[in-house]
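First up is the structure itself, then whatever we jot down about it.
The letters A, B, C, D and E name the chains in turn, as written, and every chain counts its residues from 1.
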Amino acid sequence: MLLGKVIGNVWSTKKNEKISAIRLLLVQPLERDLRPFGNVIIAADEVGAGFGEMVIVTQGAPAMHAFCKDELTPVDAVVVGIADNIDIADESVS
Amino acid sequence: MLLGKVIGNVWSTKKNEKISAIRLLLVQPLERDLRPFGNVIIAADEVGAGFGEMVIVTQGAPAMHAFCKDELTPVDAVVVGIADNIDIADESVS
Amino acid sequence: MLLGKVIGNVWSTKKNEKISAIRLLLVQPLERDLRPFGNVIIAADEVGAGFGEMVIVTQGAPAMHAFCKDELTPVDAVVVGIADNIDIADESVS
Amino acid sequence: MLLGKVIGNVWSTKKNEKISAIRLLLVQPLERDLRPFGNVIIAADEVGAGFGEMVIVTQGAPAMHAFCKDELTPVDAVVVGIADNIDIADESVS
Amino acid sequence: MLLGKVIGNVWSTKKNEKISAIRLLLVQPLERDLRPFGNVIIAADEVGAGFGEMVIVTQGAPAMHAFCKDELTPVDAVVVGIADNIDIADESVS
């Protein structure tokens, strides 16, 4: 999974019906020192993440299994947790 | 998912029969400030996206689940929504 | 999917029996202006592509679904179409 | 799979219930000479890996199959082994 | 798939039981001119590849289908063939 920060929302009225009820977040991936790296991704929200929160994002096929539905949802990234804190060796970053 | 812009079409007469009825779009991935980044990708259209529109693209195995078919379609990228607007913190880009 | 150009073949006598009957092509990914970018990939051929042809390649798990078999084939890239032409906005490249 | 080193933990109280019982590790990918490269990833622990240990990480859809559950777990990276030693040609690095 | 060269082994005694009987190889990806590029990957061996051999590696979910088992194996890279030779246009590299 990757560590990221919620930086915004994506609004879409015309979309695939299988994702019609899903909130789409803009997530900026973070480095281990919490600096941004790489490009933003659009992730489905499954935990009620808010602006500025540090989150855990699952990508690829596993993202589809974060939902409790019989039918698979065509999303390739989903926020599966709010990261409260990360510990690196003796240092702690929160 | 990634944010992209539809910049063209790909025409193919000789193709796998499972994708014979699918419209193939050329999509340029965008950064958070909507500037292009990286290389174009070919994505199946599932929402009727047009030239110049800003779109949401699902990649990998989840792309196969955007279609309402019993048989899985061998595409690894599909446009699942038109992005009307993105909000980044206090700024809004549309 | 990615746009590529067939630049060669890969010969293998000792291989997994599930791919024993598959022709393996060397494909050079192309940019939107048809210049090469990135490294070559080995793709299974499902449409009878020849040297120098511009092709559409599906990668990852969806590649397995290009074949008409009950058993899934362990390939992660497959040529699913010959690209006759690509249109970019007002320009056409063929 | 990739070779990595466990450098920390990620703590999350608000997370998808399917991953509620999973320990999340911060893993730094390593080069063949064991120097760090690229960005850290968050991987589920399936073998009881500790700080500083060199580990083998499976990514993507296969990561879901490291668990012995009927239901698939929405993680895209999992530690599947502790690497005791790697041999490169005549040299051995441990 | 990618073209690679077997450069070593990875030894692991404490590992996920589903991969307990699998030999893990260190593979260096190669460019079209057979020069190394990118970082090494750890791949399961399914064809009996030896040190220094040029191999074909399948990555991602398709890698799980190289094995003849009912249960899916949590590996994301597997050697599916020994590459005897590659032909590039009029040139042949072996």
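Quick note on the criterion: a contact is a pair of C-beta atoms (placed from the backbone, for glycine too) under 8 Å apart; a residue touches a chain by one contact, two chains touch by 3 or more.
All values reported here derive from a predicted model rather than from experimental measurement.
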Whole-Å gap between the CA centroids of subunit A and subunit B: 19
Intercentroid distance (Cα basis), subunit D paired with subunit C, Å: 31
Numbers and ranges of subunit D residues touching at least 2 other chains: 60-61, 63-64
Chain contact topology (line, ring, star, complete or other): ring
Order of the ring members, counted from subunit A so that subunit B is second: A, B, C, E, D
Touching residues on subunit E, where the partner in the complex is subunit C: 1-3, 29, 31-32, 37-38, 46-48, 56, 58-66, 78, 80-89
Residues of subunit B touching subunit C in the complex: 7-16, 18-19, 24, 26, 28, 39-43, 51-52, 60-61, 63-64, 71-77
